[in-house]
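Common to both upcoming complexes is chain A, partnered first by chain B, then by chain C.
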Partner chain A sequence: MRESQIMKIHYVTGIAALIVVAVHIMMRLIMPYNMSLEYENVVANYHNVPYVLLLESILILIAIHGFNGLRVILLEMRQGRNWEGSITVLTIAAMIAIIGYGTRTILVANGLEMGQ
Partner chain B sequence: MEATDRNNREGLKAWLNPSRYGAERISYWLQRLTGVGLLGYFIGHVYETSSLTQGPDAWAAMLELTQTPMGHMILLLVIGMSTFHSANGIRLIFTEGGKGLGKPGRPDYPYDAVSLNYRQKSGIWIALILAAAAMLFGASVLFGGE
Partner chain C sequence: MSETIEKLERLDKKRKEHEKKEIERSSIYLKIFRANRATGEQAHYDTVEVPVQRSTTVLDALLYAKGYKDHSIGIRYSCRMASCGSCGMKINGIPRLACYTKVSELYGDTITCEPLSNFPHIRDLATDFTQFFEHHKDMQPYIQNENADIKDPSKLSEFVQSPEDVDKFLQFSYCIKCGCCYSACPTVAMDTKFPGPQALAQAYRYFADSRDAATEERLELVDDRHGIFRCHFAGSCSTVCPKGVDPALGIQLLKGHMLGYSSNEKKIADLKERLMRK
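Up next, the complex of A and B:
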């Protein structure tokens, strides 16, 4: 993939992440902040399908944007075929790992009992 | 020639060299620092949230660790970083699209670059002011006693 296409993806994921994170933060403010962090309220969030989809989209968008940003920084510092290849592989692996780990949390929390 | 002998590879030294700073360089530096900071927070937040899957006790233990004055200060820093990174990032998207760069002109002394104009500087200042305002709002929520 060309670098110009990757940068377009970087910008699109950045703008999209800004929107979904704003909704995520607002969900913390619809009730007093401390109350929104109570176990039952947080588990209830994970039973709300549109909110679960929002969380998954945040996870994917920020993982792509963040790890590509890290890749760009590391490629600005140093260039070379091996370096560029290694950094690309490592950042993609880290991106997949964090998306997998976060998705696991979402799926398990979705199956939790409200009063557990 | 050895790749390490290339004299255009200053690496981190070039990135951090303060003798080349203008507003645009500070914004370049802040955009990267805030980006790395936010990525670190994102990874920590995903890990922190996973304690939910181990039940109410694990969740309460994690909250005891993070919902402290120090935890709130870190969260305030994250609010400031994310606001600056977003606002400055939008400026950079416009800039890459050629908006706000001005028209190319004849290079006359003192050779100020047309692209480094008041529109760009205003954008950087707006990003900084928005970050400060978001941190103030965040402080009112986190330390507001609700």
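Up next, the complex of A and C:
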């Protein structure tokens, strides 16, 4: 993949993340903040499909944007064929792992409510 | 009318304040970085007192020091008129041309002269430009156009460009390759493969030139891991350029083309002969 294509994705995910996080914060502020963290409310959120999709999109966008940012920082820190190859593989692997783990959490929480 | 007079008075006051900023002194101290990598001479500073006048440049002062105080001071210079780009050095911590910086512009009695950062050091104030010039060469800094056959003199002709076409790249062609921008760039300091502001601004200079037909190839040259996207747009390069070039602008314009939010609608210039034939 060309660097310009990667950076296009980087900028688009950054801007999109800003928007979805803003929606997420606004939704948190609908009710008093401490109430929104109560167990029932949190589980109810995970059962709300549009909200679950919002959380999943935040997870994906921030993971892509964040890990590419980390790759860029590490690329600038040191140069060398092995180093550059390793950090590319490692950041992609970490990105997939975080998205996988986060998605699993969302699915488990979603199933928790449904199973009750 | 009275408003205009007030405006003129204000401008006059400003001008006088500006003139006062030129500091008049009869002598200054030059604090010169000294080291010789080849002989293993340890880095240290030598301080020499030099007589100065209002028009004395830092290069004049250094040459006085070299001529009358210490012949061994290592400096690189040539034109003494901001044209050759040889005398770049850090003066009071900022990359500047020594021949283009007047002593009267600088505050304090001591002026510190050091070699440019981000360049391998050779001796005293001289640095190695090999890598810097390599980056410049990598950008293929010449017009590429099949119609311009430079091998056959009988076919030589001029390209026809409008003033607007020229304006698109003119400021970037004022670059004298002094290395001041390269020395000020924080990315160059970290990433040895980053071409640096000078080379990237030249990439834009040829990209925007309507005589050049290698538009796509030029984009590919800078589109890699250590290429144009490693520029953080801190703008230090443009701040220090002694020739008024704005490398950061060239870089952002080129990025715009690569990201697709601006398009290069240049029409490749025709040769004069062909136009006459039409």
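Brief remarks on what is shown
Assume the second predicted complex is superposed on the first by the 113 of 116 C-alpha atoms of A that agree within 3 Å, B and C clash if a C-alpha of one lies under 4 Å from a C-alpha of the other, contacts with A are read in each partner's own complex, and residues count from 1 in each chain.
The definition used in the following text is that contacts are C-beta pairs under 8 Å (C-beta built on N, C-alpha and C of every residue); 3 or more make two chains touch, one makes a residue touch a chain.
If you're wondering where the values come from, they're calculated on a predicted model, not measured in any experiment.
For chain A, the partner with contacts to more residues, out of chain B and chain C, is B.
Judged by the touch definition given at the top, the superposed model places A:3 against chain C, while chain B stays out of reach. In the overlay built on the shared chain, the residue A:75 is in contact with chain C alone; chain B does not reach it. Of the two partner chains placed by the overlay, chain B and chain C both lie in contact with A:11.
In the overlay built on the shared chain, the residue A:84 is in contact with chain C alone; chain B does not reach it. Of the two partner chains, neither chain B nor chain C is touched by A:56. By the touch criterion defined above, A:34 reaches chain B but does not reach chain C.
Across the superposed pair, chain B and chain C both touch chain A at residues 7, 11, 76-77, 79.
By the touch rule above, chain B contacts chain A in their complex via residues 3, 9, 11-12, 15, 32, 35-36, 38-39, 42-43, 46-47, 49-50, 52-53, 55-56, 59-60, 63, 67, 82, 86, 89-90, 93, 96, 141-142, 146. Those residues of chain A that touch chain C in the complex are listed here as 2-4, 7-8, 11, 72, 75-77, 79, 84.
The touching residues of chain A, counted against chain B in their complex, run 7, 11, 14-15, 18, 21, 29, 32-34, 37, 39, 42-43, 46, 59, 62-63, 66-67, 69-70, 73, 76-80, 98, 101-102, 104-105, 108-109, 112, 116. Looking at the complex, you find that chain C touches chain A at residues 187, 190-194, 219, 223-227, 229-230, 258-260.
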